[in-house]
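Chain IDs A, B and C follow the sequence of writing; residue 1 opens each chain.
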Amino acid sequence: MTELVRVDNVSKVFDISPPLWHRVLTRQPKRLVQAVDNVSMSIEAGQTYALVGESGSGKSTLARTIVGLTPPTSGSVWFDGALLAGATHKAVAPSVRRQVQMIFQSPYASLNPRWRVGDIVAEPIRAFGLSDRRQASRRVDELLEQVGLASSDAARFPHEFSGGQRQRISIARALASEPRFIVCDEPTSALDVSVQAQVLNLLKQLQRDLGLTYLFITHDLAVVRTMAHQIGVMKQGALVEAQSADALFASPQHAYTQMLLDSAPIVSPKASRSGQL
Amino acid sequence: MSALEVRDLTVEFPTRRGVLRALDGVSFDVEQGEILGLVGESGAGKSMTGAALMGLLEPPGRIVGGSIHLHGESVVGRAQEFRGRHFGMVFQDPLTSLNPLKTIGAQLIETIQWHFNLGAQQAELRARNALAEVGLDPDRLNAYPHEFSGGMRQRVVVALALSAEPAVLIADEPTTALDVSIQAQILDLLKALCRERNTAVILITHDMGVVAQTTDRVGVMYAGRLIEIGQTDQIINRPAHPYTQGLMASTPTLAGDVSTDLYQIAGSMPRLDAIPAGCAFNPRCTHVMPKCRSERPPMTGGRACWLEATHD
Amino acid sequence: MSIGQRLYQWWDSDFFYAFRTSPVAIVAFSVVMLLFGGALLAPLLSVMDPFDMAALNLMNGFTPPMQPNAFTGDTFLLGTDDQGRDLWSAILHGLRVSLFVGFSAVGLAMAIGISLGLLAGYLGGWVDALIMRVADVQVTFPSILIAMLIFGIARGLLPPEARNDFAIWVLILSIGLSEWVQFARTVRGTTMVEKEKEYVQAAQLLGLSRLQIMRRHILPNVMGPVLVIATITLALAIIAEATLSFLGVGAPPTQPSLGTLISIGQDFLFSGEWWILLFPALTLLALALSVNLLGDWLRDTLNPRLQ
């Protein structure tokens, strides 16, 4: 097992105070929110690390910090030995950035409604200068087929697709820059059960085929069970428990984890037997 | 006699590209004090069923066939009389059901006085009781909706919906916007209150976990049709319709593991303008027979399917 | 896809269906197209060049519509003004000036408003505060006042002999500068909504610059509301131009716009030559009203929340 991503003492504090003049006039102090509190973790190559927690636990902020969408207040994130995100404004090398991609929660907001699917999927290829125009269009066709769409879909617009198909387009876009690490932020929580199964299976398939490493953000423990090798549980910005999936489900160490497990609505265990249809 | 009897409920939306049939011959009963779950994926018609019962169909949608009877009295066309008094409703987002400019007390008292001929003091007493019943501090009558957390707001909505003592409560995804720990509390509360008051409940949800935890019986919807209905335990453990079987099998469970894929149903639910002839599920069904493509299966023995019933 | 299929798709689109079934939109659109056509083909449709002083016959002055002139016996469709200029031709040419000024001014206002709105909405912070405060200050003045101010400054800066040549451009500049606020505010609002969407984050992950994201991702998504405002602003700009010209600070008499014609006409209203005022005024009314109705219809059609 080799470590691909290392998160070192990452904290993120948001300043939600009113504007300066307002603060001075009303003599209010600054208001700060600690969204992520000194989190350290290590993600193994080729595995899925799931971050679990309720809304407001800071899991999405941590994910955005790891990919570099928002800089950490302190701490740093390393990808294969290279800096991926840090508090100091050191530029991240494009060669590193190219290897890290993200899949978002909303199948509607994550695709630009004015762009054709082909252009959406081709954007990372263009942005990183990965191939010329003709090769790019062939690559787009390839990517669309890889995620279970047709190459003819490249000419259509996002609104012509269902939620599940849009999530496939998102996945194709994420794969376009040939990444090794993909952060999936609740990628199926807006989808129906049968569509969710299709998308989760696709993600697993891609992991097997391409050796991808995932950071999987979700609030759904049942989804975690089928996706994750390692699990981190977040509560109020802090990582309260981190274990291998089997260990965590067998013997949760933290009371909060236990509470999450207890309150997860459990479809009767007999249902899993009918899984072998 | 059942509290609520729905027979062959059919709802259509005339559009310029033709008439869309959003509900097609939906029939079910709900007993007093019973919780019936309606499950299905988005667009299956479960919320549409709730809206049709409440008389809240968005125009140009309208009921074109079938009947709805509450204790033997026909409801169709008279929804306004029944709404609130006989039919209560809890929506997904508590913020849309509460007036942000009024205290929750004012809203509760207003609703109570609207339905019952009560003086101000008596109405306030009832409002305080209603809050206590949903587990909130009665002294918070003077608080505004924004002063509550999401879970507490949903409790207020439940109190508001039940304050008129409706015969039927329709809860449309009441816990979808809430965290799992809060979700369990609200569902338990809903269940306890309705048992106590003998209210008939229709719980609309996409979440099999919620269904398993809360309901007595479940109806499964697909493409505007009810395709299977039965006891919750039976639907979850021994589903009889191939769609329900697939749905159950593709639901991730805590008993799963990383090395195996989830069961998946190929394809997706048809859009309303492209529902296939015969059984609406036939293009995705692994047991499809020629008959499935031409004739729509009737609801017999709790499921609408041409397959020979298998007994286990 | 063949052209026929594309045409059919367009004819069958929801947008065109909404148009086909709205009598107001059809009538307004037809009137606008008629007036545009008249303006474009003005040199072909007019019986004389109203700007060519040599072609004017003073004897033809004050000829009423559809009646032969008492001295020359010439008949004019809409009559003539005091200098014997055929009103039909003058209106067609005036329409040209009015529409040219209107479109150019809206174009300028759009360019300024969209750029500033995108910057304010996307960058936020002090850039946003600065741009929006300037906009706030500007809307407290009536736009016609701002236009007159800019007009005055420009005239002061230009040498007298160049004033007439530049009058039209000064007019465009003054109206354009007084109408950008509406664009900026709308674009800023839409930008603030769009920039929080995940497709923008996906673009940020690729290391695109802020300018690239604004131009390639956000700009196409703010154009819907901009189109609606542009149509409504076009009507405002045409009226503003007419007002300025009427006040004598707009289009010069050598290049009369509809406003200039109305201004000339009002001198003769009470002496019985009503047609000199009436026809240019009706044309302006028809133009401004149709463009406005079209704008309202567009807004209702493109914004489902209002339906």
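Just a few scattered comments:
Throughout what follows, contacts are C-beta pairs under 8 Å (C-beta built on N, C-alpha and C of every residue); 3 or more make two chains touch, one makes a residue touch a chain.
A quick note: this is a predicted structure, and the numbers were derived from the prediction, not measured.
Taking the CA centroid of chain B as reference, the farthest chain centroid is that of C. The count of contacting C-beta pairs peaks for the chain pair A-B.
Taking each chain's centre as the mean of its C-alpha atoms, chain B lies 53 Å from chain C.
If you average the CA atoms of chain A and of chain B, the two centres end up 32 Å from each other.
Note: centroid distance chain A to chain C, computed from Cα atoms, is 49 Å. In the complex of the two chains, the chain A residues touching chain C come out as 64, 67-69, 92, 94, 97, 100-102, 104-106, 109-115, 123-124, 127-128, 170, 173, 177. Only residues 41-42, 179-181, 183-184, 206-210, 212-213, 233, 236-239, 245-258, 260-265, 268-269, 286 of chain B touch chain A when the two sit together in their complex. Of all residues in chain C, those touching chain A in their complex are 197-199, 201-208, 217, 220-221. Residue ranges of chain A in contact with chain B, taken from their complex: 48, 54-55, 162-165, 192-198, 200-201, 204-205, 219-223, 225-229, 245, 249, 259-261, 263-272, 274-275, 277.
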